[in-house]
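Letters A, B, C and D name the chains as they come in the text, with residue numbers starting at 1 for each one.
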Amino acid sequence: MKKLINDPADVVKEALLGIEAAHRDRVRVDHENRIVYRADAPVQGKVGLISGGGSGHEPMHGGFVGLGMLDAACAGEVFTSPVPDQMMAATKGVDGGAGVLHIVKNYTGDVMNFEMAAEMAAADAGTEVLSVVTDDDVAVQDSLYTAGRRGVGVTVLLEKIVGAAAEEGRPLAEVADLARRVNDHGRSMGMALTSCTVPSAGKPTFDLSETDMELGVGIHGEPGRQRLPVAPAKDVAALLVDPVLQDLPYGQGDSVIAFVNGMGGTPLIELYIMFHEVSQLLEKAGVTVARSLVGSYITSLEMAGCSVTLLKADDELVRLWDAPVNTPGLRWGV
Amino acid sequence: MKKLINDPADVVKEALLGIEAAHRDRVRVDHENRIVYRADAPVQGKVGLISGGGSGHEPMHGGFVGLGMLDAACAGEVFTSPVPDQMMAATKGVDGGAGVLHIVKNYTGDVMNFEMAAEMAAADAGTEVLSVVTDDDVAVQDSLYTAGRRGVGVTVLLEKIVGAAAEEGRPLAEVADLARRVNDHGRSMGMALTSCTVPSAGKPTFDLSETDMELGVGIHGEPGRQRLPVAPAKDVAALLVDPVLQDLPYGQGDSVIAFVNGMGGTPLIELYIMFHEVSQLLEKAGVTVARSLVGSYITSLEMAGCSVTLLKADDELVRLWDAPVNTPGLRWGV
Amino acid sequence: MAVDVRGLTGWLRAFADSISEHAAELTQLDAAIGDADHGTNMKRGMQAVTTMLDDSEFETADALLKKVGMTLVSSVGGASGPLYGTFFLRAGTALADTTEIDAADFGAALRAGVEGMVARGKAELGDKTLYDAWAPALTAYDDAGADGDLGAALAAAAAAAARGRDETTPMVARKGRASYLGERSAGHQDPGATSTTLLLESAAASLG
Amino acid sequence: MAVDVRGLTGWLRAFADSISEHAAELTQLDAAIGDADHGTNMKRGMQAVTTMLDDSEFETADALLKKVGMTLVSSVGGASGPLYGTFFLRAGTALADTTEIDAADFGAALRAGVEGMVARGKAELGDKTLYDAWAPALTAYDDAGADGDLGAALAAAAAAAARGRDETTPMVARKGRASYLGERSAGHQDPGATSTTLLLESAAASLG
């Protein structure tokens, strides 16, 4: 295992120290609870937005804290959901009197820990808490009898869009509805060229030969649905875009925010090549790219690979997407 | 070789198509000449800023085109300097009547090709052209008898700072002086955990065992000065920061823009861990971090590793750093 | 033999040791069909429990088990944190009014713990989760412990858990992270069922 | 035998073939002490030259060589583009007023080309660059060609270039990308000196 780390047990702690050192102007860090807060949290009268999850997906979520996006992010161990104590502390810390929304990616651990936090917060009284779960990964079959689909790329877009709505002063119920609408209108699919290595495990989560790729991989190095021979970018794009387009479905005349995401070990030059292929496929399908995002925003440690997320976007979503945001990971308009 | 590409010969062409598709709002691309232009170039009355170099370092330079930074970037083949024809075309394309500055990283190929372009542009008459060469890499011994030091991380900071000065309407000579000042006040050092693979070569440029790292590596996968056993982030930080601090030298009371850069295959979580170590070392040395930049901005394809750049920053440089910038790769204040 | 605070503490310490010893194996099992952290998660949790035990004195079994549950909830995260945490919280609660804990009381506590866990995780038999070790273990416990023999009950429960664990191998996961693999999850032993078996084996060894 | 446009064209095509054949080897040499692109660079350039030759007719040697130089400058990039480009530009210029090109004229053209290249790249003998192949080649050419035998001159030049190329191996680079390695550049053959040797070997084979 080759990584720029010290003791594998200290990875999350030290990354938070780094985030703090680099972005003091925008965030502050509660190291005991491993929470990244917006520097001016709680913002009075504004719905507080909290997310969190296992670490190893940077800049998500700590890098999305700031004006126009999250009020706090709870950092779990690498690929391990944070614990309810963190979410309760964060809920208190961002409560500006207008309630708090928990943004949860659909993983059993995340869902259960956030649930326990919400139950405890409710018992604690005071703060009104709503939750929204993202589950946009079409690689996983949706079913009532399973854990359902995973939350992946849409989470990034959702945190931005819903963050803008909260910044406008909208009430909690409306903010939560908007969050569900964003999730319902977005779909993703990912693939990996290499595995990632969880620091504490010390070896790659899965073995992938020099000639294979993993299609439908998760952001925790969960093996995907299918192992296929490596293919040109053009074919990889089709393998990702087609199931996404079919799932919602998106079609002729739709307008989308198109997001090509790097898994952590894939450089930008490859993501641009992928974006070109994706935009060609969308054009062929009659889908217009209203806005685009290209980069490594929801990563899986040093895994090489990418994911494609499409969010069907009406004028309101685009307007909220364009609204000012000032976080370590996404910034514009300010 | 596992990459998200099509034909290795088309990598640069297709990445430019992707940049264009993703950032139509800010840039336009001359595909014949492989030039990324600011959408509104030439800006009348403003000094035009051009850079360029081999591809494989994305977002540098094409991702640094836009308001407050470059007016155009010439993309060479992977790790190969662009040709004079491109630079001449770009020089014409950004000439708003106030002259053009060429920002050149100190590599024999880049320097010679830019020199030929400047000679040809001069013969062509019309446009006043000045050049500034960046050479901030302390891994390489500076000497009159060699090719001198390489231009690396400072180039990113310089393009931002000098871009802001040009945006203010300062004259060419002043802009060029400022560029030299930035270069003179900045130093960098890099390391690699893995090699990169040039697409057309198809295999890793160098072999690095699971237990070794390459210290003082270049951004083209040029082998470094020393091969050492892999070490904890703390020690890697010292190996990078110490020679940088000693070279300028920086010392007690100095204020710097601190830049921890990822080489392309290293995820943000590791860069934050490195930034924490770097900031600790700076604190110990009595050096204040006025501003920071953490991310993969000058990459070497999928190489894993990082570099540290320090730029001694007075109030003017900090003010220009803070000025609005709107490029695909760096954006704030707008 | 009755169950008391001392016995429970011994069980928890034995489980912590067993987890430590098998952490890499649990993580490897999780790598195959999950995210390679189950061993690390359980180890972190049981280390927190060990530290808590070192620093605390408990008067009653229910106070002890609830505190263990809270500690796990607060230190593990992931799926196993709420599941193991809820188990101990509910098992403790079930013992709240019991002073002399016999085999039947302890069996009832285990069942309450598992019911809490199932309420939290919604796992059903055959979903390829730790419940596939627990379900046969509870049945075996009740059968073998019907006459009040705690040792026999726990030994039977541990053996049944191990069989349940083994039976997870051919299953296609329907809950937790392994469910994302669909058919590809078959052929791998469930990590949670494996750590559950360690829990019951530790119980058999230290309480039996 | 005199040098004419047809002969030069043959030389250039032979060189293009030779580069194509040795591209991987040149790139591997460059990987060891540079950035793994010298073969790709030269191949791209000589393919551009080949296409240009297919599409053009030249009346004079100087027009041909200048166009070759321009084509290389415009298509290669990196260090080798301006260096090889300048070589052909200057060699062409040197032949501008010559109609019948004999061995001495051709030698003067080569020397002018190399001088232009050195003016551009500032390489000195022993810097571990293509100049370390060129310098002995020019001397050998003049010696062997003193009596006007072009074939002998080129054969001697090619052999001397090969020796010069071999001698780059122990050198510590002082110019170009290899210079960044300092002492570690020793023990590797210079890619540019290697392609230069191919250029002269092609000349000996097709013009000699």
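Throughout what follows, contacts are C-beta pairs under 8 Å (C-beta built on N, C-alpha and C of every residue); 3 or more make two chains touch, one makes a residue touch a chain.
A quick note: this is a predicted structure, and the numbers were derived from the prediction, not measured.
Using mean Cα coordinates as chain centres, the one most removed from subunit C is D.
A straight line joining the Cα centres of subunit A and subunit B is 29 Å long.
Annotation: 32 Å between the Cα-based centres of subunit A and subunit C.
Computed centre separation for the pair subunit A/subunit D is 54 angstrom, with centres defined by C-alpha atoms. Chain centres here are Cα means. That of subunit C falls 75 Å from that of subunit D.
The touch graph of these protein chains is an open line. Every pair of chains meeting the touch criterion is listed here: A-B, A-C, B-D. Interface residues of subunit B facing subunit D in the complex, by the touch rule stated above, are 54, 76-85, 107-109, 112-113, 115-116, 139-141, 145-147, 150, 198, 200-201, 203, 205-206, 218, 220-225. Within the complex, the subunit C residues that touch subunit A are 27-28, 31-37, 39-41, 44, 73-83, 120-121, 174-177, 179-182, 184. On the subunit A side of its complex with subunit B, the touching residues are 2-7, 11, 14-19, 21-23, 55-56, 58-59, 63, 193-194, 210, 213, 230, 232-234, 236, 260, 264-276, 279, 289, 292, 294, 296, 299, 301-302, 304-306, 326, 328, 331-334.
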